[in-house]
Amino acid sequence: MAPEELIETIRERFGDAVLGSHTAHGDATVVVTPEELRNVCQFARDEPQLRFELLLDVTAVDLSKLPEWETRFELVVHLRSIENVAILRIKVPVGEEDPRVPSVTKIYPAANWFEREVYDMFGIEFDGHPDLRRILLYDEFEGHPLRKDYPFDRQHPLVPLREAWTPGIAWKLEERWGQYARDRGEPPA
Amino acid sequence: MFDGGFLTTQLDKVIGWSRKYSLFQYPFVTACCGMEFMSTACSHYDISRFGAEIPRFSPRQADVLFVVGTISHKLSPVLKRVYDQMCNPKWVVAFGACASTGGFYDNYATVMGIDRILPVDIYIAGCPPRPEAVLDGLLQLQAKVEGRTTGESGLVQTSG
Amino acid sequence: MLEIVENRQPDVHQTPAGDEIPVDMMTIQMGPSHPAMHGVVRIDLKLDGETVVDSDVHIGYMHRGFEKMSELSTYNQVLPYTDRLNYVSPLINNVGYVLAVEKLLDLEVPRRCQYLRVIVSEISRISDHLTCLAAMAMELGAFTVFLWFIKAREYLWDLIEEVTGARLTTSYTRIGGVAHDLPKGFAGQLSKALKDTADCIDEVDGLLSKNRIFYDRTRNVGVVSRDRALSHGWTGPCLRAAGEAYDVRKAVPYSAYDELDFEIPTCKEGDAYARYAVRMEEMRQSIRILKQAMAGLPEGEVRVGDHRVTLPEKEQVYHSIEGLMNHFKLIIEGVRVPPGEAYHAVEGANGELGFYIVADGTGKPYRCHARSPGLALAQGLSPTINGSMLADIIPVFGSLNYIAGEVER
Amino acid sequence: MLDLLIVLGKIAILVGCLLGGAAFLTWVERKQSAAMQDRIGPNRADIFGFTLWGLFHPIADGIKMLVKEDLRPRFADPYIFPIAPLLAFFPAMVAFAVIPWGGTLKFGAEPDLLLIPLQLADLNVGILFIFAVASISVYGVILGGWSSANKWSLLGGMRGASQMLSYEVSMGLSAMGIFMIYETMSLAKIAQAQGDLFFGFIPAWGIVLQPAAFVLFMVAAIAETKRVPFDLPESESELIAGYFLEYSGMKFGLFFMGEFIEIIVAGSIITTLFLGSYQIPYLGPEGLQIPGLELWAMGPNFIAILQCMAFLVKTAAMVFLLQSIRWTLPRFRYDQLMKLGWKVLFPLAIANLLVTAILCLLLT
């Protein structure tokens, strides 16, 4: 099924809930409202001519560093139809305050860990998720690292870090690296 | 002959010799370097020639802790605990760039070198180090083990 | 889900007759530093004797922030990070990533380059399967198989070293091509290495495949039906072992796969032995692909001639100002990719490996997400081992081929 | 006084041989695995520049373990934890006391003839003594596993206990046929009886008379020594190191050595019961008597030494066989192991016993 037809089928069924669509680079993309996400997924899975049986991926994009953006995040769901050899990308806009979307784990159990990862990395919460915990990072970690405003090297160590260098060699390294270490706010070696 | 420490130095020599050729390793394998670690242990490079082929997955029975691969902050308490569980004398080898310095994963998740957590005896450079470099590191470790009878950390670097 | 509750009620053991006996079950952590949890993964187990009652898989001990780091790097600088995703078959990751970027650029690479990508991918695939099966066999106690397979892998890595200059972390591909052409005499080396590898596979086939103990340990262990595999999001050999012949190389052919003749091995059983058998057969198919690809390798360039994408020749860089500027701009600013988004999948050793890239028009990816097959495999682990025995975790986990770098990125 | 000295001398020889043999076996295992896996194996440890194909590596291991920190985990049982390795180590050595390892040495002339049987003690219940003592080493496993206060080692101890107990049954039952045939339980008499000839030319070895029992006994013996494919109590990839997980230093060394001594003992018991013990076919008390040929006369002490060598060679061959199985096979699962023990070996052993009993009744 060609991407254009795919989008047309979904538009016919959901009408205004489809906020936008494109087929750039051959992948059918629809943007839907959060309320209709589950229904779109259900439709894509069960409709005999679509049969998107395989949920490939759930991820998100932080749009805040793009030149123009309306909502802070965008949830991206990739579906694959094995029979029709087609890909469907469903995107959902997610606001900045209280980022929240319905979970699709009821329809695609595979979404479980992917959604946990999105929660972990972006702080987007999923309504109806059976087990929303951090998955890649640890509970002591503050913040969500894939948000664009998270500095890439802000660390939350779990064990106290010791002085790295043995005395005697330290002074030489201090000369070369000391300034660098101080710039980055690390304790002096 | 007996008062000048001849016996004790000879004993130290014997003990150093035995430790040198009987390095039971605890492979703390996490990442890519593990593949090269496997290669080193297997037929082509055969780490067993040096008497270091017996992996003991119990830290109590291991002599040298091979930290192979990236250590993230989430994993660091585990590594620290494994190190604390090991019995003296013990040595630590930082295997590869990530274990030595954090490598190019200079970000929120990674410990920038395991020497921020543990004392390290040998750093083996490379991302991942070639098996030849690993064997070189092992030989350097053996030299270090033979030289003293208790394990204390220093900084020995090997080219890789 | 496993919960540790204070003052909990005693657990209940059900006898075959249906009676219930209160017992105290054992909660035990398998991993993160456990010989069978290659890479680092922790399974919290609740055991009734040796039977697993409940389990909870914890991952993330190897999370290294690939996606954050790739947002800070230019498009070509991301390549070394992709090496270390699935570090057993780095070249497939390289190929998958550059294909996604090329999709954004609408770039068609020369035929020879496409064939080269197929060749290196398939060498990687064999070495990945070898490692997976070697580790699985070793954890089941067949240590000799492990050494034999690693020996075979060494033949392939010599080839990879010959082509790329590195044994493991290769970074061989570039956006718009590959780094360099094949070395002289490669065809001969390839056919010799393939013969040695095939011999080794046959030897292990004789030692292991019909071994009664190995068969008993893996047959009917960790059975996953086709529907359940799909509901976990499984792809690759594990899905094919459950009877669904889905392979990205056939379904959505990329590079030169549509011109090569190969089969997709499948099994119906969906147990650990089926996954073993599928991987064994896939290695033979890969050897077949390699032979065809090497025979049909077209002549020509290995990079596109577009200087917005590929680096100029060294001669130009050293002898002309245009070449120097071109080189400088590409290195410092990176390849400028027009705004847009694209998802491209390749058949990784463990399944569909996809890269979802959002470009904002600069030389760095705005967002680069890797769809790892391993994450889906790992989330199917817990329901698969629940109810089985403690010792069954080892073949199940081994046959899933958990690669921490890829799962946790 | 002389008797005591002789006994002490024999003990010294036995202990030395066993310890040395166990250390040598670790080297054999490493070299053998290397040969099977296309490697070289340990070859670097040197004394004054001589490496001797790595023969010094076990010595290095031994010294290192002696000087390694001996640690008792905080929650481990303070009394049982140190005892367990001894319980695993010594029974295996003691079992060797009743195994005959040669004929009788004769010194002097008739009035003060000095007979030295090459066996420490000839008990009339010899084999029962071995089973009794060997079952003590189960305690070493289970107590070691329990007292370490570690869940993995507890699992290993439980596995070890049930495995060793289960296989001891079929081991004992398969040996019963031998007692019926030779009508004795004394190992010395069994050894002597195997010097006879059957139909005048077939040596009356246990393996000839009881081939099924030989196979059963061997499988059970591998299970008793906890080697692959029966190494469940310590299975490295499942239970990390099993029942001796928390042991370090020489305590770990004792478990380690105990295992190799068990292999030697298992090999020698198999030799004693099934492979004609120290007997060399056609070598009688006067010399070599091949049917149809003339007697080749030899001195009694020379014969005893030859027999001693024969025992060594047979045991070594058995040990080598037991070792090479280790590097070929994967490991069983716990329930499969139990199934094999109780549903295959046990009925087979009983059937073998029945057949032997009926045959014995008919033939006598």
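Points worth noting:
Going by the order they are written in, the chains are A, B, C and D; count residues from 1 in each one.
Keep in mind that, in the parts below, contacts are C-beta pairs under 8 Å (C-beta built on N, C-alpha and C of every residue); 3 or more make two chains touch, one makes a residue touch a chain.
Just so it is clear, the model here is predicted, and its values are computed rather than measured.
When the partners of subunit C are compared with those of subunit D, the chains appearing in both lists are B. In this assembly, D is the chain whose CA centroid lies farthest from the centroid of subunit C. Between the interfaces A-B and B-D, more contacting C-beta pairs are found at B-D. Between subunit A and subunit B, the centres computed from C-alpha atoms are 38 Å apart. Here the spacing of subunit B and subunit D, counted between their Cα centres, is 37 Å.
Centres computed as Cα averages put subunit B at a distance of 29 Å from subunit C.
Computed from the mean C-alpha positions, the centre of subunit A lies at a distance of 62 Å from the centre of subunit D.
Residue positions 37-39, 236, 240 of subunit D each touch two or more of the other chains. Counting partner chains per residue, subunit B shows two or more touched chains at residues 42-43, 57, 74, 107-109. Listed for subunit A are residues 137-138, 145, 150, 152, each touching two or more other chains. Under the touch rule stated earlier, the contacting chain pairs are A-B, A-C, B-C, B-D, C-D.
Partner subunit C is touched in their complex by these residues of subunit A: 24-27, 29, 53-57, 59, 61-62, 65-67, 76, 78, 80, 82, 85, 87, 89, 108-110, 112-114, 117, 121, 130-131, 134-138, 145-146, 150, 152. Those residues of subunit A lying in contact with subunit B across their complex are 137-138, 145, 150-159, 161-162, 164-166, 169. Taken in their complex, subunit C has these residues touching subunit B: 32-35, 38-40, 60-65, 68-69, 80-81, 83-84, 87-88, 131, 146-147, 150-151, 153-154, 157, 167-169, 404-405. Residues of subunit B touching subunit A in their complex: 73-74, 76-77, 80, 106-109, 111, 113, 115-117, 153-155.
On the subunit D side of its complex with subunit B, the touching residues are 30, 34, 37-45, 54, 56-57, 59-65, 67-71, 236, 240-241, 244-249, 252.
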